[in-house]
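Paired with subunit B in one complex and with subunit C in the other, subunit A is shared by the two complexes that follow.
== the complex of A and B ==
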């Protein structure tokens, strides 16, 4: 009897005021999903917190309790950056933390080389790839489809498989002591070319035909019409290329093995960082590795934050999924 | 042959080659190279001439068959046909965007097959407008001009600029000038640079306006104070420039053109200056009412405005030939009508020879001076709009041109009388009997001629003779030489078009033998054997007439499908074979023979007595019985109206009559209601009668 009554009143309530009922219900699903998301965010962001705070702690605070991660008891300092950039080795209790056997770090060279590899390599690659894409889309040459099929087919060969071949080539051309070797193998990349080609294929052929009838040559059409129209996809590919060049470790490490002084000047930031990390295993040296990490991650992070919207726009316009 | 020899024989390089000389293919290739691909032909009378143009796409589809057209200067040609009829392909071949598989294209007497499209001096409006989204309207219109090089007198631009500044300071009131200077510094007015404001406002060169900006006038008083000083300074400068030239032996004439020591104006190839470009763009903008939109980008424009920008870009070039590929099909109906008349008036203003492609017969009828009706890659009829409308050559043209389409009925012809299915008879009179008999007599004769060409055995005989009498003794020049006259005689009796070619070959062999050149004549005989083994060939006109009979005529029950297979190659094997050969299609001669024999029988039958025909009546020639008075009026007939569409000035009346859907166009004087009985009548003199088999108009 009582049960019927409650059921009846519940029904009438739900009929007359659905909103009230909804507001009272606890959104369990949302809470659970937010908790899960929060956990994942914490897991994802905690290395960054450790990285950024650790880089600004003094050598004696390098390994602190978790509670002191954000508020170290001797305050924030930039002595770790002074160490790796200017060679001023910090001291703990009057003793220098680094052994004299370790080579001085060449962060200036490493940053320069990384910039060359990432920016220079990307710009040259964009030129080469977009010219190739233009040819594949707008010029009707013999065996075009066959050549393109071979190019695409070559994408299934993993990069690691061709590394040794590339290295042999670089050595036989005598480029193993040059920073040009950092960018040359990457210029034959197919993926970026394919991306740009897909975008170019969406540009009406009439534009090119019309310009040709007016007397423009292919190269003029390329620079005057196609490149300005393909800005977004070039930007996206440029960003990919920049990230790839900046973050590449295996190739430069294979190119310039051994920590001789001459080789060290050819290293990129990533190789240098590997060396720094390797030398910073003692508790009071960890800060130098963290400071190096900040330098390595900062440009990529800044670029991403600035260009976030454009990346999404470019990706959707170039028809990339996932 | 060496380059030097060729030059000696055929003239200096880079000059147009005389197209009437005969050369071998290998020589031709070298000659074209030497003469920069320029070949002129004195035999061409018209401005643009297309001769036997065929187009086969790389996938084996033949899009255009034997296209022949002569275009006079200032003509407005419209290519019209249903989609897929090859009209756009033809236009793109003229534009140089597609290769011409076989045939010749002459533009202004120059053979243009091998010229790149930029060297053909044509401009084109694309269906999608092809405006560059990254440029403003001004830049879009100026784009073709920026690359152009013109051949003209060399000018001393420094003197011109100084003169312009002097002129400006002398003539323009200084108050006015002060205001312009203030305006030019105003950043809110959308101008790239300060000097560009002056260039545009006073129509002077950029160089001159830069000079004005350089003086940094502060106020009206400042201008007045420094004016005379500046003028004398500039005049002095000018004298300096003239002196500079005089030292080299050159002088300037009144137009500031440089004159060389011999008294002739120095000419050079140069890019157009910015002022010239600006003047041309502004002029085009004025013609097309684009002034307010010049600094906008294409996406900020409406469809009609984009269309006009595309037209503007085409007209600034002053090209010889103006091509338009369905330029109005992206516009809405009202704008289309407006742009249609604008294009016509533009054509009247500029007078450029134009070729216009459309699938809309209304556009064709209203714009053209000459219409080319196409279907399935074949030209059906070429003529003025009136001709095409009043005297359609066959049933396709009759139904395609005119809106609504012509009504077609099945019927029978019996001695000057046209009898519809239900027995309704129209007497077309004695004149028509005469026409009818003449038409069929001609057709019989023509078909007999075609058959005789198909059945011609002369090549077969020649081949047999060659195999029997010459091949066994091929190594004995004397014996071969003796056998040749008989071969020549056989060939002379041939009906084939190629026979002249072969007879020449025989003569050449005889000549080679006389010269004692033993290796070459054997090659010639081999070549003869190969040529003679080919099946008989018809000329293009005959194939075209048989083709249209095949596609539209009464024998087409399954033939239409076959014809499609023939041209579109649905069969996988066929496609493969075509891809390999990539040649202009040749018809199966046996199939053509069958068809021609059937046609001949039918034509003969038609001359003897009653035979079935198709009757065409245009909707505008069907009238209400009680409204129409004419001596050509036929007996009235009753129909039940179906749908009645009110079009404003007229009614479109749909009804069922004689197993076909009749549409009649009736003036709205009498309002006819749907689903009621009305009495209609036909205008006897305007009835078209088509032969059921060839589908050509009997007239």
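== the complex of A and C ==
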């Protein structure tokens, strides 16, 4: 018996060094980190649980039994969603009513505008920026490096410095009553172009040159060779563009200030939700804010959960700030 | 004779155009749209903003403005010119700075500690990583609705006030103030709501740092840890003496991006504490939780008649404030670029950025 044991340990020693280590000592630090991470994540996820359970309980419950979050007094319901989508809000006693003092919520318009801003803006920007990145990497022209250095150097200047000028230009072009104004200032953004350019720079130049020998034009090379090769970086950049566009608050709020009916139809979901949350503080209407919060968070959450590997990879490798 | 010369000139011009097109046509085709956008939506607005801040510009009558002798900058920097606006601006400024100073250590330390734990690769670490980053993608209005529910006053059935009636229930977050204090001539009175804003940033404000730091940790050579273990370092000492020096570039990157991020703090304050007013109520940035961007936004994007007046009278003040903001943040970004540049391979800015990218990879 004893002999077997020694033999066994000898065998494991000869196989690999790590196995002995595992046998000799329990990975204490690993277990400790598991426990700490578990507790931490449980605490950090709890606001999501409050958001989702809070949105699916009735307004009456939220006021009478606010502590019963997980198991609401009278069960789960979607009445909060029905009300805010129909532009109604509850009164103090939890009955549905259309309040005359507050402008009707336009969730349909807000969702559409947000989709336009996030998806449309991102797609157009990706095309414009990848064309420019191609020019910077594969086309030789005078002052190329100078132009690129100016673009990169301008990254020190924060976006806030240009918003007033942009806004004034948009007033004078008469675009302040159009949702086009949501996306056009983003088209001059440097950061995405810079990321795409660094990726394109890693593509071997021989590939492009041999394609040129075969008689391909630059446009054909761009669409047939470079774009398929660069789809990873385009995908990652697209995801960040989508989330950035969806979550943007400052610029849309500047464009359409004031809660007039015409303006409210131009708001994005973030501006509208900020209005809803601020209204919900005045009376007992937090339920409507939570329901709106679920609508606002769901698209980004779904995108994140589906593509989380790519997003985490992109964040860690490129060092982008979220 | 005359006609021949004209024809020759024409032919020359034509051939020059053709030569130019064949040389630069592709570059113009590919780069043109982007450069046009960059100039229209970045370069021109930048200088237009400076122009607006130096004139008596009215946004509904552009083109008729004249030089106004630094009037808006006097409002911001001369305490006697318009005392209330001066105080309101510097109050917003110190709010922003103090908040950033309080937030930055937390936004580096907590993700660093968590990244060290994740780097031990406990079972299911990928799930943990996904969950730790998750709050950072939440739109701040959604987060705002959660924290409104949590921290509402007791009369409005705030969740924490109901659960802990004797401690949190006694604080009326939006309305109660801490005592006023003075800092460099600006008086700052702080609402309890800042605690809620801090907690909200603390919940979802450092996910990016966490990912960058944990990516940096994975690149620390294992041999260093083994060597340190041989020399008798315990786990804590290893973390201090081996881990931190090796991920210094990532820490510097996170430090600066976090500072720059919190200099632009706005949304959290707007969503959580919009209706609050102070003695500066009629001034731009007059709410209890105003910041630099809040100051600008309250002139440009306010709701209601009072805000419309502000916009009509102080449009240039917002431009001046954004120029000041850009100078502050631009200086910080410049220092960051300087620190993360590559000393050996030349001094072009683009190269330093490529280096930065390589570091964080």
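Note that in this section the second predicted complex is superposed on the first by the 248 of 322 C-alpha atoms of A that agree within 3 Å, B and C clash if a C-alpha of one lies under 4 Å from a C-alpha of the other, contacts with A are read in each partner's own complex, and residues count from 1 in each chain.
The working rule: a contact is a pair of C-beta atoms (placed from the backbone, for glycine too) under 8 Å apart; a residue touches a chain by one contact, two chains touch by 3 or more.
Because the structure is predicted, anything quoted here is derived from the model rather than measured.
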| item | value |
| --- | --- |
| First (subunit B), second (subunit C), both or neither touched by A:148 | second |
| Partner chain in contact with A:210 - subunit B first, subunit C second, else both or neither | first |
| Touched partner set for A:220, first subunit B, second subunit C, both or neither | first |
| Touch count on subunit A, higher of subunit B and subunit C | C |
| Subunit B versus subunit C as contact partner of A:228, first or second or both or neither | first |
| Which of subunit B and subunit C A:274 touches, first, second, both or neither | second |
| Residue numbers on subunit B that touch subunit A, as the complex places them | 95-97, 116-118, 122-124, 126-130, 132-134, 143-144, 147-148, 313, 317 |
| In the complex with subunit C, residue positions of subunit A that touch it | 27, 29-31, 33-34, 36-38, 40-41, 44-45, 47-48, 50-51, 54, 62-63, 66-67, 69, 128-129, 131-132, 134-136, 139, 141-142, 144-145, 147-149, 151-158, 160-169, 171-172, 184-188, 190, 193-194, 198, 218-219, 222, 243, 246-247, 249-250, 253-254, 257-259, 269-270, 273-274, 276-278, 280-284, 286, 289-290, 292-294, 296-297, 300-301, 304-305, 308, 312, 315-322 |
| In the complex with subunit B, residue positions of subunit A that touch it | 204, 206-207, 209-216, 220, 225, 228-229 |
| Residue ranges of subunit C in contact with subunit A within the complex | 23-24, 26-27, 29-31, 33-35, 37-49, 52-53, 57, 59-60, 62, 114, 116-118, 120-125, 128-150, 152, 156-159, 162-163, 174, 203, 207-208, 211-212, 214-215, 235, 250, 253, 257, 260-261, 264, 266-267, 270-271, 274-275, 293, 296-297, 300-304, 307-308, 311, 315, 318-319, 322-323, 325-326, 329-330, 333-334, 337, 348-350, 353-354, 356-357, 359-361 |
